[in-house]
Amino acid sequence: MSPVNATGTPLLPKLTAIPPGIATPCDYRQAAQARLDAKAWAYLDGGAGDELTVQRNRLAFDAVNFTPSMLTDVRGGHTRCSLFGQDFTHPIVLAPVAYQRLFHDEGELATVQAAGALEACVAVSTLATTRLETLAGHATGPLWFQLYIQPDRAFTSALVARAEQAGYQALIVTIDAPIGGLRNREQRASFDLPSGLGAVNLAGMPTPQAAPAGPSRVFDQAMLHAPTWQDIEALRKQTRLPLIIKGILSVADARRAEACGADGIIVSNHGGRVLDTVPPALDVLPAIAAATGERLTLLFDSGIRRGSDVAKAIALGADAVLVGRPWLYGLAAAGALGVAHAIHLLREELEVTMALLGCRTLGELKTRQVCCVAATH
Amino acid sequence: MSPVNATGTPLLPKLTAIPPGIATPCDYRQAAQARLDAKAWAYLDGGAGDELTVQRNRLAFDAVNFTPSMLTDVRGGHTRCSLFGQDFTHPIVLAPVAYQRLFHDEGELATVQAAGALEACVAVSTLATTRLETLAGHATGPLWFQLYIQPDRAFTSALVARAEQAGYQALIVTIDAPIGGLRNREQRASFDLPSGLGAVNLAGMPTPQAAPAGPSRVFDQAMLHAPTWQDIEALRKQTRLPLIIKGILSVADARRAEACGADGIIVSNHGGRVLDTVPPALDVLPAIAAATGERLTLLFDSGIRRGSDVAKAIALGADAVLVGRPWLYGLAAAGALGVAHAIHLLREELEVTMALLGCRTLGELKTRQVCCVAATH
Amino acid sequence: MSPVNATGTPLLPKLTAIPPGIATPCDYRQAAQARLDAKAWAYLDGGAGDELTVQRNRLAFDAVNFTPSMLTDVRGGHTRCSLFGQDFTHPIVLAPVAYQRLFHDEGELATVQAAGALEACVAVSTLATTRLETLAGHATGPLWFQLYIQPDRAFTSALVARAEQAGYQALIVTIDAPIGGLRNREQRASFDLPSGLGAVNLAGMPTPQAAPAGPSRVFDQAMLHAPTWQDIEALRKQTRLPLIIKGILSVADARRAEACGADGIIVSNHGGRVLDTVPPALDVLPAIAAATGERLTLLFDSGIRRGSDVAKAIALGADAVLVGRPWLYGLAAAGALGVAHAIHLLREELEVTMALLGCRTLGELKTRQVCCVAATH
Amino acid sequence: MSPVNATGTPLLPKLTAIPPGIATPCDYRQAAQARLDAKAWAYLDGGAGDELTVQRNRLAFDAVNFTPSMLTDVRGGHTRCSLFGQDFTHPIVLAPVAYQRLFHDEGELATVQAAGALEACVAVSTLATTRLETLAGHATGPLWFQLYIQPDRAFTSALVARAEQAGYQALIVTIDAPIGGLRNREQRASFDLPSGLGAVNLAGMPTPQAAPAGPSRVFDQAMLHAPTWQDIEALRKQTRLPLIIKGILSVADARRAEACGADGIIVSNHGGRVLDTVPPALDVLPAIAAATGERLTLLFDSGIRRGSDVAKAIALGADAVLVGRPWLYGLAAAGALGVAHAIHLLREELEVTMALLGCRTLGELKTRQVCCVAATH
């Protein structure tokens, strides 16, 4: 019996050429669904609970209005930016996404190769299905490493050391997902990893000590080794890499990250995949930008689907952005080719948007008040 | 001709095991509908009038945003609370629901047994289809008794005395439903009780004296023996049990309940089942919490479907919550097993939500301003 | 070929008994559509333009929240009111509706008979398909006459005199429809009157003098004989009947009506049937109620579908209400029986609503602040 | 194989008579779709990106409420206006639309002929598929010329001179579309021009000099010859025609247009066809009207579908309006006859709306505060 996708149809073979009619990365969404089994699709496309935050991440972007300045001379414009002393052709970072071999046999390798061709920085997940050293060996562009702090802190330190050793240029620590269990769509699909596919970078990790008896699976077991701000302080001392805290949704947490010595923060609600009905990340961005000012590099993640969304996040205070689903749809549909095409479309639309707004640089996007948030959405 | 459900399909047999794909209690809703005839389904699932308040109870919860505090140490956290001098493992009370044998042959007995296993307090309805003494005999956990004041006040007093005698630990008096007649969905389904099923605890109740002639069926007959605040005062004198007034939607009525000597109130719109277009109970909760302060125990009812909703109600001022439909879907689908599973899912999601918010106790949920209401909904 | 309805099905015969499952008057809507040809249905059910005001009339009612006062003694309550020195059992007036024989062979006669049985006042339209004297001869309850001022003012005066002579007890002058042409749904259905059916009360009316040449069909022809406030002043002098101006949407026009000597006004947008995107009548009611105070009797029309809507209009300032579609669906479905049932359901729901709100009289509905308008709708 | 439309059905022949059931111009929309291939339909009906601005242009009109003044004498009213010293029977200008032979064999000729019959001014596009001189030769009413400034400025000047020479009475310069590429619906339909159809007025235009090497197709190539405000200043010196700047969305750009010597501006978002999520043009109209006052003639474009919309734009500050889709649907469905009918319907509804509002002139529409914007939309 051949494997079927979430609509009950046999899986289509991966695309080997860019199909006609792809105008924006999410035009790959349907093609992706047709090529993934129901479990992988639930993992890729779903979110937490009723997926209200997933939807509202989009509503927040849609509610931002542009105000163009017509007839502005934008010759020689560009999308270059500098982050943590590194120069980038454009501000689009591929977000850390776990288990990419769920979506395509080539998994993270395809992603890294496409990103190199399109000059995009890649954030490699702790839960990658390819060894971080292998990825570094194949990369032609910058790589950052995303860290989930593990119950065994010594193993965690070793993992960071491996990333440094392999040439990763920054360390992202994700702080908003110490416990899972609320992704209802995945649960309904009985999501699990297929055999032979796993978090290879965690191979050999010691099993955490058995928890002392306690009545709550949540408070007394799952959260027993959860990271705290002291872990961030410890990491800060341990690594020479730029330290970026991912999962900030409040000014208070932004300030704590800064106090712990972080170089940057990522305003993110994990794409709506952890706790439903947290606010759209875009809605909290302006206040955090105002509070952290020039001291922290400010990245944005959650909800970007188009190049114009990149422009909005930057206009509302971000220095650069992380993008997930748009290129994941491309990966699932067409491998490295799909990833590359998705990044290309994002970049092109960002440039056209800037030109139409009358902005030559990301700095002008940020300072010219080209965006305002509609009163209600 | 075998009985059919509201979609015209023969009734499925009750489930005897937890089916795959249940991620949240309302995932039992479809399974419940498939196992109930159209009348029972209308009674379980419907509301008053156009069911706008039923819908808005949900919109109100969906409009509440969480603001997590990341990286907080929540080890040893718990959901314990104390209500009226009684200690509870968690703040989820099973709401008083009439005629539970409509949904499953075992009716209230199944509910009480499941609740005991999951350490949930049960509020037994005046209109239960099982004798209150029988339920007390089978209960392994705390029971409260819900009272509809009957036209015959002496019979009402005897009913209260029976509940005290049987060991019920609190008395809930429902005040928001002195007259029915607006549940359009039930009326369209020609809802009535099947033969052999009724309010057994009212057996032997004297028929009220014939009303004197008057032109209005409503004002001159149905409301002739309706309770007033004087009945609450009388009850207060009559019982040693904690007295809880259910159906409060305004600060004014909360204060009258307090003035009558109530120990607690339940902010509730009866799940949208009495008068349509009353406000969502959640919308009026903060003002009532502010007004009644520490003097009254504040319970919440109407619209809770998930564990995260429990967290929201408590964060907005409630000490504990009453839940109805989520476990009723479980009861109709799978009897005691379904009720127990539903309560388990509610508890688990409440704990995960607290952990993700950085709250170790219900008290922290209440005081850390983890919720805010979106501007419009 | 048998006639078909708007869904292409042969017309069903009129109902001769109340069908099961009618919980509220609009439950007759589908039964009515099944019994009317597409033209009559477009006339009954449609509105102006895109029918946004038709929809918004409903949204405005749905956005009004009730705040009940629980446990109030409402024994002996009633819905009586006094309007223009006349006493009524309840505040529901049947709105003036043209061409009622489009909907049922018995047309206005059925309406008047049903209204008499249910003690409802009827406003008879200038465009009735039954002679006003015939209706007066069959009426067992109060009748008001609705006047469209005709191009020939002498004929108009004679019409008013006929109404007075026949015993009509008030005169409604409709001012918001001097020109038609914007009811797109009717136009799409090529609405016209079937042969043998017309405005019999206008029989013998002189054809207006040919308009002098002018470029605009609208300004130079259709509006040439349109009424102005001077016509209201003239009518005031001409009739001893209470004079009620229908079609008020602003405080300014309410004041002009008062200055012209009107006894009452009807806040109405003609059920959304004249100019689309005028505001919902309910939205402008409170300001007009505040401005006109005690000096004018204030009636409301446009959007009422349920008894609870009657309560809302009165709570927001109206002394009584006019209702159209709810009983028209009944008329089209089941003739006099349907009209009577619809009025009965409206009255019953009004009383239940009052009882649940804790109001014994319409005066208490008005003064106890039982309604508030939600912030946005 | 016969050509098919976007729904896969063979193209219907053009209508040769007005079909029954057309109550408003957009009732031609479906008839138009049935007669166009998928590419032409995407071009006619689509917009930029997710088409949110296309939708919001409509929401903005729908959110404007009318406040009528009843019983006002409007005899002798009219819709005349004077723009740039020219007198017009009504304020409806046919917007400049490219490539009209995509929609009907007779293209711009049909449009110009219909407009002449209905006394509508026509704005002829730079990208017309008919020579501007040919159109002038057939026109019986006023023509304006719409200019896209071309990379070759000398060719641009010659084009303006040709328009002057041919008798065009005003020059519209479109400033909001220096670069394309965001119309996703067209891209999905692989839109291109059929062979034999093109911008004939640009015949012989020199190919722009090859761009110097630069990394960005957008900034270094497409925008290399894009117009700036200096081009407007140059045009101002070059032509004696009234100069109208089209594509203004901010007070700042309105002021720059005035400073460059423009006679008029057109508040427009290009019908939502250039950059998605710019604000609805109607939303920015009042502020621009207030800022530019009497000094600039103020035209409005984007979103008008009905005669009542014309009234709204004028009531909110416009002197006249440009209309596109409504008559384009007519053109695609029925050629010149459809265009004429669409204009007729717009004019008729404008007049009926004015009559119902109690306004005799456009000036009264503007000054009597007949419109207000609903709080949220």
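Side notes on the structure shown:
Residue numbering begins at 1 within each chain, and the chains themselves are lettered A, B, C and D in the order written.
One rule holds for everything that comes next: a contact is a pair of C-beta atoms (placed from the backbone, for glycine too) under 8 Å apart; a residue touches a chain by one contact, two chains touch by 3 or more.
Predicted model only: the values in this text are computed from it and were never measured.
Residue numbering at the subunit A/subunit D interface overlaps only partly, since under half of the positions present are found in both copies. Of all chains, the one whose mean C-alpha position sits at the greatest distance from that of subunit D is B.
For the two copies, subunit B and subunit C, the CA superposition rotation is 90 degrees, given to the nearest 5. For the pair subunit A and subunit B, the distance between mean C-alpha positions equals 42 Å. Inter-chain centre distance (subunit B to subunit D, centres taken as mean C-alpha positions): 59 Å. The residues of subunit C that reach two or more other chains are 376, listed in rising order.
Chain pairs that touch, as defined above: A-B, A-D, B-C, C-D.
Of all the residues in subunit B, the ones that touch subunit A in their complex are 20-24, 27, 62, 64-79, 306, 308, 348-349, 351-357, 360, 375-376. The residues of subunit A lying in touch with subunit B in their complex are 49-50, 52, 175-176, 178-179, 181-182, 184-185, 187-190, 214-220, 222-224, 226-229, 231-232, 247-250, 252-253, 256, 274-279, 376.
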